[in-house]
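Residue numbering begins at 1 within each chain, and the chains themselves are lettered A, B, C and D in the order written.
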Amino acid sequence: MAVLGPNRYGKAETRVVRVTRHGDAHRIKDLTVSTSLSGDMAEVHLSGDNSAVLPTDTQKNTVFAFAKKHGVGAIEDFALLLARHFADARPAIHHARVAVEEHAWERNGAFGHSFVRSGREVRTCVAHHDGTRSWMVSGLRDLVVLNTTNSEFWGFARDEYTTLPETRDRVLATAVDAAWRHAEAPQDWDKTYENARGALLAAFADTYSLSLQQTLYAMGTRVLAECPGVCEVRLSLPNKHHFLVDLAPFGLDNDGEVFFAADRPYGLIEGTVLREDAPAAGPAWE
Amino acid sequence: MAVLGPNRYGKAETRVVRVTRHGDAHRIKDLTVSTSLSGDMAEVHLSGDNSAVLPTDTQKNTVFAFAKKHGVGAIEDFALLLARHFADARPAIHHARVAVEEHAWERNGAFGHSFVRSGREVRTCVAHHDGTRSWMVSGLRDLVVLNTTNSEFWGFARDEYTTLPETRDRVLATAVDAAWRHAEAPQDWDKTYENARGALLAAFADTYSLSLQQTLYAMGTRVLAECPGVCEVRLSLPNKHHFLVDLAPFGLDNDGEVFFAADRPYGLIEGTVLREDAPAAGPAWE
Amino acid sequence: MAVLGPNRYGKAETRVVRVTRHGDAHRIKDLTVSTSLSGDMAEVHLSGDNSAVLPTDTQKNTVFAFAKKHGVGAIEDFALLLARHFADARPAIHHARVAVEEHAWERNGAFGHSFVRSGREVRTCVAHHDGTRSWMVSGLRDLVVLNTTNSEFWGFARDEYTTLPETRDRVLATAVDAAWRHAEAPQDWDKTYENARGALLAAFADTYSLSLQQTLYAMGTRVLAECPGVCEVRLSLPNKHHFLVDLAPFGLDNDGEVFFAADRPYGLIEGTVLREDAPAAGPAWE
Amino acid sequence: MAVLGPNRYGKAETRVVRVTRHGDAHRIKDLTVSTSLSGDMAEVHLSGDNSAVLPTDTQKNTVFAFAKKHGVGAIEDFALLLARHFADARPAIHHARVAVEEHAWERNGAFGHSFVRSGREVRTCVAHHDGTRSWMVSGLRDLVVLNTTNSEFWGFARDEYTTLPETRDRVLATAVDAAWRHAEAPQDWDKTYENARGALLAAFADTYSLSLQQTLYAMGTRVLAECPGVCEVRLSLPNKHHFLVDLAPFGLDNDGEVFFAADRPYGLIEGTVLREDAPAAGPAWE
């Protein structure tokens, strides 16, 4: 009566740092890699027969070995390399998913061997390969942005539980979590990343916002406009509320100067912007 | 060319504590509630026209008001009540999703008004309502369990990157993240929760495990066996590795006595067990 | 001109799980151990000469080896054993500090080999040994407690920035972080721990509270009363604010029924209760 | 028999964002402020008499009001202003401690109103005022740095639990947590901060390291050298281990190219560097 449904297994959050030494000017790539495999895995679930199971420990080893053998350039290339390898590694494995996060570093002064972790956003990608076809979603998370003005919120629906006053000027802040699906691989993943990131930042800044939804849509369309090979953008934008503090009890006005940055609850705006002719997503978002 | 795809918005993580006072014996329910609404929301994305948007602040207010008006019993009942209310609140809103997490408390001794937060797992549910139909997924997360024996791992696939030795006795530990979809509402959500939780714990303990996948499948089938109205179970089980420490350099053996509990990387086993005749899931898992 | 001041070094957060197998009924102890050594360490700071430095890796190995050789009973005994070992290990090491945290597990049903992580508080201790004398502080953290009534707050000082209304009935909640210094070692560390924990819980519950400071002092004195060998108690109590939600806009009263549990900011009450004749603390709290 | 020992109370982690608008070019300061007051507080502990207690809510209000009235420049100035105010606010309050953390933002492109949160380190300060004298400690945390070479570790002490091989070339990485005490207030807190930060970064990079202790000492002395008014530096440096992955089983060498970045355990090196003639610290570090 009970049957096995969709399943996958893998090694999550392998932390690998790859150093490249060209004379005195070193380079580092700092990644968190998660791999997931699926295929003919009924037996291991039903009887514990592991003969189709390539151990998660082996997956981890492969990440390290590939970092050595192939180096690490754009995370998308590294993820695809791994996904193809795993999907081809064993007959029972039909599909591989490889997710990579990149943590940015900057040079520490003029020293070729010394680095400072940049706190800027985490760059992400998820690659899928099924033995024949590949899918790629690139993205970022924890890109925290704030506009001090050019944001309003009024004219909203009201019911008996509505007490929120309208505002014609507010702080708008969010931590951008964005992912974009590629219809085709670009020439240069890194350049596409910078274009997409730049589009998100520019659209956040130059959209006069009547709602965070409007800003979200503007950010998504801007990425599509700047990145020809991207066919779909998904955004999750927490509304990091900055409440104007009531200073009237202290005889002070507060004309958009002092805000309380609240933790919870927070608004959460999620949305997708895609090209009309976007190809089917397949497993890309899984 | 760009079009708006799936979207939703709401208030995430409203923290509400509901106290009920029956004489000296008080009760508390401690919830984190997240609401998401969707429907005819094109305009707010395209032009910033908020006339269809019931503010997330209103959603938060509603959570608090409903906690007062209706009390809080089983979280599933509270979630459904809210989902139905929101889906019916405004013509533009076609669909509501309400996720609730419950944090458990125990009585502090014999005192009717004093409580100790129980660290046991977080109970969860996600309700969907589209104005006509409802869907419900219940679950839990952070149920951390460990078996000191009755776990083996051998006979797995090998390739050139495989170095893992086989083992006939290992510690098996995981933090259970489980969710189960109801084909129909049970008489008593709380009793079903305890049945499902008990099934997960018992199956984890009494399954002689040749792989975590086998244990996962046993846990899922046990929930189906114990909960007649449940049609599908999804499990995500991190393999919290406990590595046997090599004490030989110190002239000591280590026959399954001293383990290093590692953080990352970790195996991650994900799988679904469902009834053959499970109805279509619709939006239940979204 | 610059001189080296106080310093120490060690291995932090070694995660060790010790399994004891008595027939089918196993036991587990789950610890996080941090060691710190100090002594004649000027040279390593000034010139990088490591000859006095017992590596932190060795400290980690010792934790594992001792878990095997000596077993793990009360964490205080294990911490003292390690502290004495390290302080005597090398001439250059004059002082050792060993901090241990214990994560509680409960049996999973009647199974002798299966366990569920209890979410109750973390038990802690810090041992010091200088080659001759020892000091011990025991404690706990993350013991979250809440009273639904028997708490007032009024009659406080006011200045021009005071807007807080007085209240004669409020929810009082905190996450107890407590540590108690032993003037002498008790017969049974575990029993003393349970006595101290019980004293904290009982005093929190049965103190009719006019301020969290009053509750703190009652908790500290209760530990002293219940634990004869304890000479000093330090408490850090965040006031986990539960704000009564204003439901009047919705035509609802709220007589202590619905609360918003806030994250930040929070009150923080810190205080010490000690015996008049408490011996000098020496390095105990460092 | 039980007596009240040291105690303090206050409001922790008030999140305040201060916006300054000069035409189109806005500025923001994003702070987390924690205040603690102490003085004649015996009665509130013993009897719950709150007449000496300025509510923590009032302290929060004061933070917001002062952000408006006085603006926010260097966090040290803001902290001192608050500390002096509180220490003078009520006769019963004898001492105030104000801790401020600053979260850095950068401009988002050329837009005067749009900002991106910089992930660089958190800047910190702790001010004390007792009604007459002030003390100031400035600092930073979460400054993550890494050297790919110029680090060795050998010649260390060995005992029966030592298995660590010596190394003549390793990755050295840490998350700097540093604080420096001012003997006198500098002309410009911001400039001193940049000097101290620059000194830490430069010393980390240009010290050929035989041990992390040596690097720590070099960092501390460099801060003293660059900041004449600073008399003491305290550093806490976790050794964020980057283990060279053994790739030999895969027929690959690994000449400092592929590392596993471990989470726990980690070495922890703590030390103080101070001027010989440093004045007594008083309560500065409390």
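Quick notes
Going forward, contacts are C-beta pairs under 8 Å (C-beta built on N, C-alpha and C of every residue); 3 or more make two chains touch, one makes a residue touch a chain.
Predicted model, so just to flag it, every value in this text is computed and none were measured.
Common neighbours of chain B and chain D (chains touching each): A, C. Of all residue numbers that take part in the contact between chain B and chain C, over half occur on both sides, making this a same-residue interface. With every chain reduced to the mean of its CA atoms, the largest distance from chain A is reached by C. Note on chain placement: the centre of chain C and the centre of chain D lie 23 Å apart, centres being C-alpha means. Computed centre separation for the pair chain B/chain C is 30 angstrom, with centres defined by C-alpha atoms. Averaged Cα coordinates give chain A a centre that lies 38 Å from the centre of chain C. Counting partners per residue, chain C has 14-15, 61, 65, 161, 163, 249-250, 263-264 as the residues that reach two or more other chains. Only residues 160-161, 163, 249-250, 263-264 of chain A touch chain C when the two sit together in their complex.
For chain D in complex with chain C, the touching residues are 1-15, 34, 36, 41, 44-58, 60-62, 65, 89-90, 92, 153-159, 161-164, 209-214, 216-217, 220-221, 224-225, 232, 234, 238-239, 264-276.
Here chain A touches chain D in the complex through residues 14-21, 26, 28, 30, 61, 64-65, 67-69, 105, 108-109, 111, 113-121, 142-150, 171, 201-202, 204-206, 242, 245, 247, 249-250, 252, 254, 256-263, going by the rule given at the top.
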